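Consider the two complexes below, in which chain A is the common component and chain B and chain C are the respective partners.
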Partner chain A sequence: MVSIRVENLKKYFRKVKAVDDISFEVKNGEFMALLGPSGCGKTTTLLTLAGIYKPTSGKIFFGDYLVNDVQPRDRNIGMVFQSYALYPHMSVYDNISFPLKAKGSKKREFHDRVVNIVEKLGIGHLLDRKPSEISGGQQQRVALARALIKEPQIFLLDEPLSNLDARLRVMMRAEIKKLQNDLRITTVYVTHDQVEALTMADRIAVFSNGKIMQIGDPEEIYNRPQNIFVAQFIGNPPMNFVEAEIKEVEGITFAVSKNLKIRIDDTLKPYLKNLNSPNVIVGIRPEDIKIYKNKELNRDLTEGILYVIEPLGRDEIYNVKVGESLLKVITEEKLKIGVGERVYCEFDAKKVHIFDRESEISIRR
Partner chain B sequence: MNEYKLTFWQMKKEKITKAIIITILIVITLPIILTYTWLVLASFSTDMKYGIIPVKLTLHNWRFLWKSIEGYPPIWQVFFNTLILALSVMGLEVFATILGGYALSRFKFRMRETLLKIVLVIHAFPSISLLVAIYYILKITGLIDTLTGVILLKASLEIPWGIWIMKGFYDQIPWEVEFAGLVDGYSRVQVWRKVILPLVKPGIAVAGIFSFLSGWSEFVFINTFILSQNTWTLSTYVKAIIGDFRFVDYGLLTSISLFYIIPTIIFFIFANKYLLRVNITGTKG
Partner chain C sequence: MKKRSPLFFFLLPSVVSVSIFFALPVILTGVLSFTGMDYSFKWNFVGIQNYIDMIGDFMISTVVKNTFVYVFFTLLLFNLGTALLLALFTTTVSDRAGGFFRTIWMLPRLTPSVVYGLMWIWAFDPTDYGLVNIARKLLFGLPPQNWLQSDPMLIIVVANGFVGASFGMILFTSAIKSIPRDYLYAARVDGGSWFFTVRKVILPMIKWQILFVTAYQTLSLLTSFEYIYIITDGGPAFATEVWALYTYHSAFQDFRFGYGAALSMVLVGIGIVSALFYLKFFRFKEMIKEPRIEVDS
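Right, the complex of A and B next:
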């Protein structure tokens, strides 16, 4: 096991900046997710870690070793690809043992290891089949087995679950996490699915346009997004955003827009000095808004009209129109309100996110 | 299965269309089938009544197999010359195209697009227009009147097309498979040999078969650049019989023509499964 350190990594394809000056570290045995929309440079970063792309500039260390010029085959990595990239002309057994043959070991030496890992992954009965003769989920397991058979010091996964159906994906999510946990192998996991990143990773690096927007553990990424990009990318349904202005009325600080008035909690006040101007964007997550049928006294309520309801089984998403903007509210409570009726929203003052409108950076940086 | 209620006329219409199509196909293929049938019958018959009905069964026309015909080189020598020519062209082409196709498919280099276009254009030229120029080249290099000269010439004219075919097959293989091989501990050359090459086998078969056949049926270059009888190939042999100044032995001509076709048929029987997997872009999963 080994740690990974990336320093000022840049990767350009001609003039396209696929990866634009990023630095991060993956600790020994850590599970790191690279999360971002498609085309944000996360896969390029992974392939650079694998040694398939050479960095335009910057340094990559595995442990204390600078590996920039080390060939992929000498990096001791295991990798799982989105398409699995199994060798179609080889049987499952040959696919899995292929990395061992590279080191020149003989069948009698590695046979036990292959049997061991296929038993663990539950694909022992498939050894004689060709990849085209097994299901997507099974192919996925073969790819995992092939990546892990040589006991690599680093495990790289490139959107490994995106070709599976929804049910299988949820299952494999837990299984890969368990596998990583058992082996304690340093892992970098590329995904565009925030749920995968949040549920599996020890830490997440959120990518956008070849840059890292924020690195942190899932709790940090979710509850303290550093900028608007992270705030709107993480969370489902997405965070609500309202343009507002910071104002002080009778000693209480509010974020005020045309139709909204959101009180700002005392815990947030010290951060307000980070603002250059009172113009802000206020973000609030759908679960941090409470919705009432009747106007209740002694509460800061904002009036709106119920626009549409989206039932999710356990929860319901209420879309509330406040002035021009549409707020999404998610709650377990089933309110008996019809579309078009008047509702009242209450914002959880402690959970409000405030971003500078110009720089789009959170005041709690 | 959906069951459609077809009216009487609809069913009739379908049957009539089918009948028309089959008739057309029969009419189109009939000349080909008749030609070959005639060829086979004529080769085993002493004479053809009215030119189409075999009269008496004989093996006389096939005598060239066990004794040489006067004025012509022994058939087996000619056969082996042809075989050497075809196999050498095939070998050279396969060797050049598996490498060239990979390079053009996988490597990004300057002028790549232009090179691809030029290759196509070169292949489009009728080779007969190059005869004079080639004659000088062969003369200078001392390869005139040798099989080697024709082999090199034929291969070099066939390779560009083969490279295009092979490039199509390589293009079908996702990069990720190659990446996987690199990560699994192999060098790029090893990955090419152990992973990529087995996957383009149908392409190799196609390039091989077509170059073999084009070598086997080569006539123009042999006829132009080969002068001595002991480097004849079957195509010149057939031509010589047709052009015999004494008299044309049609029986002999038919049996030799058939003899000439046999390897082609055998080759196609073996290659069928590969050829059927080829579509415009390459091979299907």
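Right, the complex of A and C next:
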């Protein structure tokens, strides 16, 4: 096991800056997710860690060891690809033992190891089959076995679950997490799926346009997004955003827009000095808005019209039109309100996120 | 009948042209092979006499041996071997360098065969002015050698090979380039030398193209003789007289059209047999078998 340190990594393809000056660290045994939309540079970063791509500049350390010029096969990594990349002309057994054979091991030397790992992954009965003769979930396990058979010090996964159907994906998510937990192997996991990142990773690096927007554990990423990109990328349904202006009325600070007035909690006030101008974007998660049928006294309520309801089984998403903007509110409560009726929203002042409108950076940086 | 007429109409042009230019010549040659036609152009049928003559022809053993050597080595060393190496190397280096080298190897194919043949004659010219002899003198200080006398078959194989290699090269290159990159990445991460990756991953994945080039090039080498005709004309002393050239010589030099026809019918037979052999050997049917549809459990 080993830690990974990336310093000022850049990877350009001609003029395209696929990875643009990123630095991060993955601790020994840690599960790190690289999360971002497609084309954000996360897979390029992974392939550079694997040694498939050479960095344009910057340094990659495994432990204290600079690996920039080390060949992929000498980096002692196990890798799982989105396509699984199982060799179609080889049996499952030959696929799994390929990394050992490539290193010149003989069958009698590695047979026990193959048997061991296939038992662990529950694919022992498939050894004679060709990859085309087994299901997607089974192919996934074979790919995991092939990556782990040589007991690598680093485990790299590139969107390993995106080719599976939804039900299987949820299952494999837990299984991979368990596997990583058991083996305590330093893992870098590339995904565009925020749920995968949040549920599996110890820490998440959120990518956009070749840069890292934020690194932190899932709780931090979710509750303290440092910029609008992270705030809108993480969370489903996504955070609500409203353009507003910071104003003081009778000693109380508000974020005010045409139709909205949100009180700023005292805990947030000290951060307001980070603003260059009173122009802000206020972000509030759908679960941090409470919705009322009737106007209740002594509460700071904002009036809106119910636009549409999206039932999710356990929860319901209420879309509320406040002035020009549409707010999404998620709640377990089943309110008997019809579309087009008047409703009242209450914002949880402690959970409000405030971003500078110019820089799109959170005031709580 | 009314329904079929448009079909017939659309097929007509190709049916007519295939009949005139492919089927008819084969039939004519077949019929001709049972005649003793000579410069008098008379269809005097002699039964299978031509084929019997072939067995007694003292040239046949030389021609068979030459043909085998010529086809086998040109195919193995150049049309497959060099083609494969070129494809592997030019896909390993940068796209630009790879494209440049492939273009160079295409040049012989773009050159008219007579010009190309004459260039080889000049290269191996027995005097001081031949390219190879100039190089020999400069590098080793050795006197000129008459290459076309001493190693005619080598020259024939090399000359044909340099043209032939580009065909396989282009096919193998596109086949290698169409291998999904994940397979190659996986192989690089999983270790193993370049050679190991080539043997275990790349070659099995371009098996179909290798079969095709082998079969196709065997047939075209069996029937090709224009470079041999230009460079050595089968000489010296029949050292490079291959079956196709012998057929040509019999028919158009000795004016034994009947015998020439019989020789070419045998060549057609050999071609069919070797094609069938390749299909069997590479288990062609298995390769074109429909893949099983992947179903998630």
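Note that in this section the second predicted complex is superposed on the first by the 365 of 365 C-alpha atoms of A that agree within 3 Å, B and C clash if a C-alpha of one lies under 4 Å from a C-alpha of the other, contacts with A are read in each partner's own complex, and residues count from 1 in each chain.
Here is the rule we go by: a residue touches a chain if its C-beta (ideal position, glycine included) is under 8 Å from a C-beta of that chain, and two chains touch if they have at least 3 such contacts.
As the structure is a prediction and not an experimental result, all values here were calculated from the model.
In the superposition on chain A, contact of A:Phe98 is made with both chain B and chain C. In the superposition on chain A, A:Ala85 makes contact with both chain B and chain C. Ranked by how many residues of chain A each touches, chain B and chain C are led by C.
Shared-chain residue A:Val16: touches no atom of chain B or chain C. Touch criterion met: A:Gly136 reaches chain C, while chain B stays clear of it.
Judged by the touch definition given at the top, the superposed model places A:Leu168 against chain C, while chain B stays out of reach. Of the two partner chains, neither chain B nor chain C is touched by A:Val308. Residue overlap on chain A between its contacts with chain B in one complex and with chain C in the other: 47, 50-52, 71-73, 75, 77-79, 81-83, 85, 87-89, 98-99, 102-103, 132, 146, 150. Residues 174, 176-177, 179-187, 190, 195, 198-199, 285 of chain B are the ones touching chain A in the complex. Listed in rising order, the residues of chain A touching chain C in the complex are 47, 50-52, 71-75, 77-79, 81-85, 87-90, 98-99, 101-103, 132-133, 135-138, 146, 150, 164-165, 168. Chain contact summary for the complex, chain A toward chain B: residues 47, 50-52, 71-73, 75, 77-79, 81-83, 85-89, 98-99, 102-103, 132, 146-147, 150, 156.
Those residues of chain C that touch chain A in the complex are listed here as 180, 182-183, 185-192, 196, 200-201, 204-205, 207, 291-292, 294-297.
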